[in-house]
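Before anything else, here is the set of structures, which you'll find just below.
Shared chain: subunit A. Partners: subunit B in the first complex, subunit C in the second.
Up next, the complex of A and B:
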């Protein structure tokens, strides 16, 4: 059925096009604005306001929420620049992030490839490998701190039992090992989610590509390199972005297992922020580091995605 | 019409009835952040009796214990108060360094008025009152729950069997630790990972090397950490780690781990205060076998425990029941409660005022009282300002783990001290 838009003598029944556009867009915008208002209000209250408040605090000498703060200009930014622990913890944050992407992301990919080859036991292993992700990071920290205990821990006892006691290390006391050791615990908790994402990605790869590769005589390694990994490109981009953001947010395991020690060897930017804000009550400097961390997250994610987009093109 | 009249009458009668029941009209709840060991039956017995007695003395009041999730040291107190999830009154680790943090952030209320109107001034040692009243321009923000006395805990049977004893000079102490090491044991157990226990060891080493007068000047900023006396204390920690008297792997151990080593008799000596008795009991260690000694010092009269105000009651600014909270603290300071706590099987603290004729249930407490009677030195963990506390703990880890030299460590610590 066609709508009647003209009279018998051919006159256009519709309003002039410009007026229609104007009225329509006004009505549409008004309705959209009203519908979006609750979301905008919530976003403003719970996201925008804290962000703006943090930026404001970074320019003050705030010693806590109950204290009067005065404007100090760029003092906190200059202090951050002069503080060697800020730079050390920044470097360790990048190291932490790298460890997390490789350990958690890598393990997630390897296990996804292994689990997807299973048929009858696939659900069992998928569930079993995902289970650590359901455990709170703080609890994971306590468990792994006990595993690493140099005198009573699982690793120390096992090595001693099999006559390799000399291989035992100060997992949490050696400054060169500590960040890696803590990251293993954190990655153990995180790999399950990445594994599930990879499994979902694997299920979306067209099976005919494997059949074609087999007809061409490709072996397993060639199929992995030329079919599977290219097929996972989008999932991999997402997983790496997610792992980088999760890596930047790393806090609980470090706080529980080492408290940033020994002698700042595992201090990352988030644990230093907590120490400044809640132990030393130096909210100004802590706010500067929060802004720095947020900028880092934005820059790293945007840069990585642009790089991936360029590669794909 | 009749139905409306009847309903109005019933509503009026109900309201009058509610107002007539005093318990409902005046019901108040006091949330208390006290011990974190309520899961232990003996500890629960003590605190539940205190709760029942306070409720009986204050009809209509219900005391609710909040399980504490931390202290000022780990930021939990600050986080709880700032997020308005704190209790009405709390017991936490204290000392000028820690208390300054929450005072400066305006997280706790001044209690100065109560020291006069509730007579608290006369319920603590005069010297303790003098210290408290000199810290914040005359304002007092805490009420000490007990005084700490940190020394060396050893196994009586082990030491008797080998003919070992703690005492004499520093050289004698070194010789003893060498014998312990030769016997295949860890001489000293310390868990500096979460700060406090490293501070217990370091405070004792500083006390032995510098004495309490010098350390008093150091922690108050009148003397530098880099001066020869405190520097010697740090050098001795490095020296002991190098000689294997303190295993460098202990830099990654927490206090619980170090306690476990001592309780299982894998280590000979542990640094701690009388609160350690509670942990030993929880670990089913025979309390009669606990020995307490002070660290040997080459300075005459300076072989004494370190300590100061260990734990204090405070009222958060977010407290919904500040007057009732003050009543609770007053109740805790009463003779009956202090005696009950001191003579209870879990009694493991030195009262904040003279309590004659106390008969502690745990025998070793007699030795702790005797050691503290000679005076208590400074535990820097509770005296250094908040800006330097974390560096102090990190430096101790670095000294034990061999990451920093004594001179560099002390210089880093000094850099964090505010100008005198």
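Up next, the complex of A and C:
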């Protein structure tokens, strides 16, 4: 859940086992319906219906809110195919996802391994490393826009102070660097949750495996490769899928720090949807991108659930 | 094992530079927020202010209307958390413990929502709230956020309830309890861990949400804290002391709250994320 958010979108989609088991009650439908009614009403109205309408809008020439629109067939899809910004923002979205998995997922893993070895200072480091995750991504955008500020920012002033002023870059103005720079801000906020998940995974590894490895004369590196990392496999697939979904939903840092610029260099799918829907009022094209984004999310979720199911088998 | 643990000093020494990099931005903001504009302009991030400028905070608070932003965010969080629990607990119970035809399909319909990002439905969602007269209203945003969180909350409550033995349900039934009574008297008192996980996760995600408030809340008086800070920071983007102290006002309360409750918080967040 931005939902922290963001939370559990890599959920396990396998059939609920209890549905097939005999369990307590057989009466039924009436009671279940009443208990589910508020959820069905809210979710149906604010989540399911908008999904259907998004599909409809993608086939119309809607030019804004509260306007008439008519059916135009596949027009918007063809326009999307011809729009270079669509392709570019899609490419940047994948790059953005990759950066986030590597930077945030990687840092989360490394710090989880390090923190788990501590005893007395463990809670201190775990707490301190988690602090960035408490900050809203929008606020993270404000913070890091200032960190990258070419004149007063933390990076440029610190580099100048220690005599490395020549290392300064246009962190947010260089088209080749900007997406990475913004992603560092997002990943700074994101890694804490992944770290906690990895720490929980490490606690679930059977300690006797380490003892057995020691008896076999394994060194720390061999223990890491042969016991720890295989033991983290489940959590690892979960974190990768979660990080990909969180990356896909990434919006606030880009919106706040660069608004997609310079020259669309940091435009990702969400910022382009926002621009098309609320600034250009091109709802048809925006809806096509919305569908594309949903499909990407579905593919990621399903692929990782298959992968996890296969691992479990 | 009786073997002595090796000293953790080397590990701590290796982690200290990482700590500085991770926590550095907070410290830099806090120190800079207490400087004068002239001291910030000198461009030395490692220096301390000659005199602590608490006045920066008073100015930022008044100019940025942070009192109203924090109030709106609190109302928003309270609304989302309360509604999420009221909606997800009964539905999670029904899907976990009542047998009825089509149960799996209902469950899948809810789980489907877990995969659809809110940005992907924003156009009809905006139109819908506009038709309901709820644009620029905290209630509109709250309802949209609750709905967005239903799949996760329901999934969490359902998986927790499924772990409660059926014998308890049966016993309560024999005593003549109906489903509503079983839920409120047997299940809810047992499900404190699931409830606190859901509470923590939905409170944090709502407090930090930006996209829905950005789209829906137009007038500054109705905006929530992250949105208000972004507007404030772009309005006064050359007035660094204001931007810095406003930013600190935004993140400090949550960080203090977290440090005070960190054990419970970490537990709830991890369990919630792993269950979900």
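Observations on the structure shown:
Here, the second predicted complex is superposed on the first by the 259 of 313 C-alpha atoms of A that agree within 3 Å, B and C clash if a C-alpha of one lies under 4 Å from a C-alpha of the other, contacts with A are read in each partner's own complex, and residues count from 1 in each chain.
Quick note on the criterion: contacts are C-beta pairs under 8 Å (C-beta built on N, C-alpha and C of every residue); 3 or more make two chains touch, one makes a residue touch a chain.
Note that the structure is a prediction, hence the values are computed from the model and not measured.
Legend: residue contacts after superposition of the two complexes on their common chain; A:215 is shown touching neither subunit B nor subunit C. Note on subunit A: of its two partners subunit C and subunit B, the one contacting more of its residues is C.
Of the two partner chains placed around the shared chain by superposition, subunit B and subunit C are both touched by A:278.
In the superposed model, A:123 lies in contact with subunit C only, and not with subunit B. Judged by the touch definition given at the top, the superposed model places A:178 against subunit B, while subunit C stays out of reach. When the shared chain is aligned, no partner comes close enough to touch A:313: not subunit B, not subunit C. In the superposition on chain A, contact is made by A:151 with both subunit B and subunit C. By the touch criterion defined above, A:32 reaches subunit C but does not reach subunit B. Common to the subunit B-facing and subunit C-facing surfaces of subunit A are residues 65-66, 145, 151-152, 274, 277-278.
Residues 63-67, 145, 148-152, 170-175, 178, 258-265, 274-275, 277-282 of subunit A are the ones that touch subunit B when the two sit in their complex. The touching residues of subunit C, when paired with subunit A in their complex, are 1, 5, 8, 11-12, 14-15, 18-19, 22-26, 28-29, 40-41, 43-46, 86-88, 90-91, 93-101, 103-104, 106-107, 109-111, 113-128, 130, 143-144, 146-152, 154-156, 158, 162, 166, 169-170, 173, 178-180, 183, 201-202, 204-205, 207-211, 214-215, 225-227, 229-230, 233, 240, 243-244, 247, 250-251, 254-255, 258-259, 262-263, 266, 269-270, 272-276.
Within the complex, the subunit B residues that touch subunit A are 73-75, 78-79, 82, 101, 104-107, 186, 192-195, 247-254, 257, 260-261, 266, 317, 386-387, 389-390, 393-395, 397-398, 400-401, 403-404.
Across the complex, subunit C is touched by residues 1-9, 11, 13, 15-16, 18-19, 23-29, 31-33, 35-36, 38-40, 42-43, 45-51, 53-54, 57, 65-66, 111, 114-115, 117-121, 123, 125-132, 134-139, 141-147, 151-152, 154, 156-158, 160-161, 188, 193, 196-197, 199-200, 211, 238, 242, 245, 248-249, 251-252, 255-256, 270, 273-274, 277-278, 283, 286-287, 290-291, 293-294, 297-298, 301 of subunit A.
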